[in-house]
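The structure follows.
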Amino acid sequence: MEHAVRSFLAEDIGYGDITTNALIDSKQEAEGRVVCQESAIVAGIEEALFLLELTGCQGTAKARDGERVKAGTMILSALGPARALLGVERTLLNLLAHMSGVATATVDLVSIANRESQGKVRIACTRKTLPGLRYFEKRAVNLGGGDMHRLRLDDAVLIKDNHLELAGSVGECVRKAKEKVSFTKKVEVEVTNADQAVEAAKAGADIILLDNMTPKEVERSVAMLKTENLRDQVLLEASGGIRKENLASYVKTGVDVISVGAITHSAPAIDLSMEIHSSRKRG
Amino acid sequence: MEHAVRSFLAEDIGYGDITTNALIDSKQEAEGRVVCQESAIVAGIEEALFLLELTGCQGTAKARDGERVKAGTMILSALGPARALLGVERTLLNLLAHMSGVATATVDLVSIANRESQGKVRIACTRKTLPGLRYFEKRAVNLGGGDMHRLRLDDAVLIKDNHLELAGSVGECVRKAKEKVSFTKKVEVEVTNADQAVEAAKAGADIILLDNMTPKEVERSVAMLKTENLRDQVLLEASGGIRKENLASYVKTGVDVISVGAITHSAPAIDLSMEIHSSRKRG
Amino acid sequence: MEHAVRSFLAEDIGYGDITTNALIDSKQEAEGRVVCQESAIVAGIEEALFLLELTGCQGTAKARDGERVKAGTMILSALGPARALLGVERTLLNLLAHMSGVATATVDLVSIANRESQGKVRIACTRKTLPGLRYFEKRAVNLGGGDMHRLRLDDAVLIKDNHLELAGSVGECVRKAKEKVSFTKKVEVEVTNADQAVEAAKAGADIILLDNMTPKEVERSVAMLKTENLRDQVLLEASGGIRKENLASYVKTGVDVISVGAITHSAPAIDLSMEIHSSRKRG
Amino acid sequence: MEHAVRSFLAEDIGYGDITTNALIDSKQEAEGRVVCQESAIVAGIEEALFLLELTGCQGTAKARDGERVKAGTMILSALGPARALLGVERTLLNLLAHMSGVATATVDLVSIANRESQGKVRIACTRKTLPGLRYFEKRAVNLGGGDMHRLRLDDAVLIKDNHLELAGSVGECVRKAKEKVSFTKKVEVEVTNADQAVEAAKAGADIILLDNMTPKEVERSVAMLKTENLRDQVLLEASGGIRKENLASYVKTGVDVISVGAITHSAPAIDLSMEIHSSRKRG
Amino acid sequence: MEHAVRSFLAEDIGYGDITTNALIDSKQEAEGRVVCQESAIVAGIEEALFLLELTGCQGTAKARDGERVKAGTMILSALGPARALLGVERTLLNLLAHMSGVATATVDLVSIANRESQGKVRIACTRKTLPGLRYFEKRAVNLGGGDMHRLRLDDAVLIKDNHLELAGSVGECVRKAKEKVSFTKKVEVEVTNADQAVEAAKAGADIILLDNMTPKEVERSVAMLKTENLRDQVLLEASGGIRKENLASYVKTGVDVISVGAITHSAPAIDLSMEIHSSRKRG
Amino acid sequence: MEHAVRSFLAEDIGYGDITTNALIDSKQEAEGRVVCQESAIVAGIEEALFLLELTGCQGTAKARDGERVKAGTMILSALGPARALLGVERTLLNLLAHMSGVATATVDLVSIANRESQGKVRIACTRKTLPGLRYFEKRAVNLGGGDMHRLRLDDAVLIKDNHLELAGSVGECVRKAKEKVSFTKKVEVEVTNADQAVEAAKAGADIILLDNMTPKEVERSVAMLKTENLRDQVLLEASGGIRKENLASYVKTGVDVISVGAITHSAPAIDLSMEIHSSRKRG
């Protein structure tokens, strides 16, 4: 995390903030206040505090990561050299605004899922994250109450359509993966109909991803697994085309997890600003 | 660029794609086709080709960066080891989908500006970019016909509200910046009313940013600068609260540039997918 | 992998091979042959070929990664500038010798396990790997037929004695982990007696690590889990104090996996050498 | 050193210790004690303290680097956040265990050499080190009383069999190297018989490496150099096939240095463990 | 800056200062004094303090960056472990000596320019900086009162002879650049005669670089721009073959800026030394 | 080397060459010719060819590294995309100009030394190199016929005045270093008078650095060592205050090596330029 955050700062500063260096005395001290301009779930406070520390400022969290705040809430204050505050301002706001955007989009779905399932159905993100930001987006999803799903290609098996196209049937692929991959990894497989779901469960899949099905088709798959007495042996995940508007109908199907790429790749930024005021000059 | 793209790939792959390694023979060759599922401006083809080259695949562009494509268009094809294609798939799609999202959001505004101003008013992005992605987002804005504005804190002066709060009046700050900063850099200043705009122009500002004004207030500032015979000496940029819905009214005010943060920080991803088919085995 | 291999080379070369630069003409071409001086499982050929490519040489594998070779077998040949071959020689041999050492140590245990269990019991390594070499050692274990176990702290849950000391009972910890961690991750817990094993299984652990038990105690744990009808719901791993000499007695206990740290942290290097002969001068 | 140690930590942690994060409160403080489970020379305390500092813990050395400790000795204690201690535990132990293994293997040989030569014969390591660990292994050898030999290919000349094969006779190569290489570097040459040793000394070699000779052959080389009145002008190093069992016979031959690759590339890890106990919660 | 400074240190230290480690106790404390042996403008104090901090020493500036000091002046003192002071000495002196050399060379020209133009003409450096040292040399120029000019290829447009050769006339190139490049960037063009200068100004160039002209030709260009009423719309920079000896004649031509590559690429180092004395041993 | 060269390029290019991108078509091909504008020793051709390769151009050496060329000589030609040539031009010239400057300054001294000593006295550089450029400057010295001396603090012992101040007499320090440092390293000590030189030789120093002495004092030291029959056991290096003007008088003193910091830290750049012409458009 620290390495990435340093590079975010370097990306914005270059050789230096020429505006600030021209206008502000190097001994001028100042106070900055980060205000959230809309109702949101805050995420990225920890990263923001690290950014402030990196630049020689002292930050104080006024809201916790994962907390819901109202429009107009001060969520962070900072003391330090005015030059440092002005130099870190944009990077800090960009990271906080994006992470809070992801957390807020996550909570929107999580609360629907909780309401409709009494807390039984999890909302998960996917690997559809913005390049270079996976750690930060996964963490924001988590702060919003979502499940982080796979972190990368090496921490769980997920057999997708392209694998099936190249490597054989659902059953064959699941069996082969279980044999070849470490016993510490779960094996998940993507299916597109109820028969494949049954085939996957019989082959020993740990998780079955019901991909791009209608709620009806999902329900049918759940039912067929129950009939075959296989429902309890697997976790069921639904994905594909699910959004706020149709989420409830998927939650009611009886799956365990619903995953949505948009909460990471298309979450709108939260509107944040930083006001900086002079405090005193140093020595 | 290359360094960043390599790190995007590493972020997803970790120690290796355990699913693919378990299921696909290392000698299996395949073909991948990237299809754009919605009408969009394509951006990121160059980066995608570099990703394919990095992983030992051969890519062929089927659309140019900056081109408008219809839903269902194949924009890129790739040949190479099936393992490599499966390993690079998600990183490639994530980058293309985001860059295309930014380019598409840009074009949406650029075409309004062109229509309402006969091509005289530019749409620009800001430094409100997602951390680590500035190069890619600026490039996508450019591909969408937008102006890249400042790249970072060292390539132009922009005196903002927080600077004015700490360092003096609009006129004083502009004069100080012009004296201290290299003659190769333009000096821009943010103002909130017409009087400040006049003060800025008199002090020799190259660009004046009319911040958070209504279209009416912007018009009044333009008029006052004309009255004072200062209009031709400065470029005028409007920013703050401008979105697709109210863009036309700002375009008509007579400013030169309109900048919008949302085209980078909140652009929804374009829906892309990659289909992979077996070709033949090697040797 | 590539980044690490480059750094291995830089570590040995520094500003340049002063001996070779003083003695060998830059246009001298040569051929190198890597010979394995003892019976061993070869591992690291892929890395060696990459090292040769990095330094402008052309390598040809004479043995496959994972293959058993007899003493005196040529496993790799290389053509290229004599300076390059002399410069890469030691780094290439150091990596091959260590990886082959790990693979050979693994196979020694895997063949006992296969023999005593008709292929049912897996041998796994642990996170007790040499710093900076985890990827290479895990891969060598895999080439020797072993299971790679956890890659790092984020790809599966393993609740160890120190966690239990700080966070509560086996059952509580397992339940808490299952609730908080992504559904894509398995939950393993370390236990030291049969009662804890039953507690773990009841709490829903996916894997139970029977730590530092005698074969008798392991057998008792297996039996008790069978009695409680829980054996089929969990994978059982034995670890702690297991070595070649007592491996068979653990294999017979009925566990699924036996893990041994020594195959990575204490595997003796395989004796390899490279002979270099002049071929011709370039142009 | 610091850069490498950071990368060792990152290699194990990935996105985070999911087990610990799920089970342990972020405010829980704990104490860790590293205990050495067998008689050993401790090496790596400095690196361990740096690792603890990196993760926000406070370490206290209970043994010095290079000190002999008995089985059961606590060699290091640490205070800090329980999460940090659990996260750093394995990396710290892996590094300490390996470095202590190297130092202990070195001391085993050094004490034989000292006893048989009244401290006149040095034990040296070679460039046969594990990739990426050269600094740490060389330091451990030094802590065990061994000589670090060449650090890499640029700090001394060592003309080996492959150089002689390509570049001419022992005498020619030594003369060429002395002419071309900086006057600040020593010139060493590998020989396989007494005549070559004399040739090397006459050509002005600073050090002669008697390679793969029996103790008898080494003695004969020493004698012949004395006869020719060349013994005092050169340092003599014996290497190849020397191990604990036959070391004494080489020590008695009258050489100055004996080098052994196995103390770095095949040193078994020392058995270490860390026990972590709760201390108190923070504020 | 910090990243570069760390790499400067690593470049000199390698695996460690073997001289110092052999001779100086790790607990020995010492005091170092950096003395400037000739009259100079000091530059690099900030970097030197960072180097001292990096190595665990405490530095105190005895002169300010940009200050003129006499021969024999102590400009910096440092307290810390003797090993650290001896290890950092050369890197610190090398950086300070070069930056001070650049600043001193700059001031030599700036004072002539100020004297001859009553402070109206600026002295600027160019992109002819030593590889890897641009940040440090630009900063030193600035400390010497010079203008930093372009930092790199992305912060301003400068159309040079090679561009004109490939892309068209002065007028065409200026117009194309103004259309394509962000409104936040100035457009400068290199011309070789007065007619081109007028063409450039008419096309809207912000800055005109009068390249390799005699003072007479420069004067003629200035006059012709005045005649055409274009002088006030552009900044004029003279460059090429200008050195201390002929600087005054260029200053008097009426240009705004004179740029000289030699102040960065050929500035002789200032003679600095560090004396180290023992203070006390630690605990 | 490659890593450094890449960073030199990145330092200049930033997000891209905005001038070139605005003016030159991406398909335009061109030819560049690097011409040396003054008599010089060329150094850096190898690095220049690597830079061209990095940017997708094809370079052809027209002069060899280390060759003396007359003013007006074309030393390198290049073919490739016009954008690439324009982007790499300045970095390539900056590196070539500096390395050639160092090589030329070296040859100036080497030819005096050769003439006055019939090739017996070597000219060496020191560790007074520009930060980040040591590899390139050492290589340039070597190409100019100079000795590279120590590369960094770990490849030879050099006991300097500050060590003697802290650690004891010349004799004590030499003996201590020989005991503690690897037998593969030479031990050099800095002395300021003839008595110390004798003391150093008696203690077994390999090299004695006669620091800041007049030619007379150097001669006296040489004579005294001869009287004591110690001259042949040591190499003698003179340093401090030696420059072109007084070099001959030092060469005649009978020392083996003369080292001069100015050939690296203060070598003026050689005047080089690149002319770029259009060739043809691609496809």
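Observations
In order of appearance the chains are A, B, C, D, E and F, and numbering begins at 1 in each one.
Everything below uses one rule, namely that contacts are C-beta pairs under 8 Å (C-beta built on N, C-alpha and C of every residue); 3 or more make two chains touch, one makes a residue touch a chain.
What you see is a predicted model; the values in this text were computed from it and never measured.
Common neighbours of subunit C and subunit E, by the contact definition above: A, B, D, F. Note on connectivity: the fewest chain-to-chain touch steps from subunit C to subunit D number 1. Subunit A and subunit C touch with mostly matching residues; of the residue numbers seen at this interface, over half occur in both copies.
Among the pairs E-F and D-E, the greater number of C-beta contacts is found at E-F.
Of all chains, the one whose mean C-alpha position sits at the greatest distance from that of subunit C is E.
Rotation angle for the C-alpha superposition of subunit B on subunit D: 180 degrees, rounded in steps of 5.
When chain centres are defined as mean Cα coordinates, A lies farthest from subunit F.
Distance between subunit B and subunit E, defined via averaged C-alpha coordinates, is recorded as 33 Å.
Put simply, the C-alpha centre of subunit B and that of subunit F have 45 angstrom between them.
In terms of their C-alpha centroids, the spacing between subunit A and subunit F amounts to 53 Å. With touch defined as above, residues shared between interfaces to two or more other chains in subunit F number as follows: 14-15, 151, 154-155, 182, 185.
By the document's touch criterion, interfaces exist between A-B, A-C, A-D, A-E, B-C, B-E, B-F, C-D, C-F, D-E, D-F, E-F. Within the complex formed with subunit B, the residues of subunit F that make contact are 14-15. Residues 4-5, 7-8, 11-24, 28, 30, 82, 86-87, 89-91, 93-95, 97-98, 101, 127-134, 136, 151-160, 162-163, 165-168, 173, 176-177, 180-182, 185, 261-262, 265-266, 268-269, 274-278 of subunit E are the ones touching subunit F in the complex. Those residues of subunit F lying in contact with subunit D across their complex are 122, 124, 147-151, 154-156, 182-186, 188, 207, 235, 237, 256-257. On subunit D, the positions that touch subunit E within their shared complex are 135, 138, 151.
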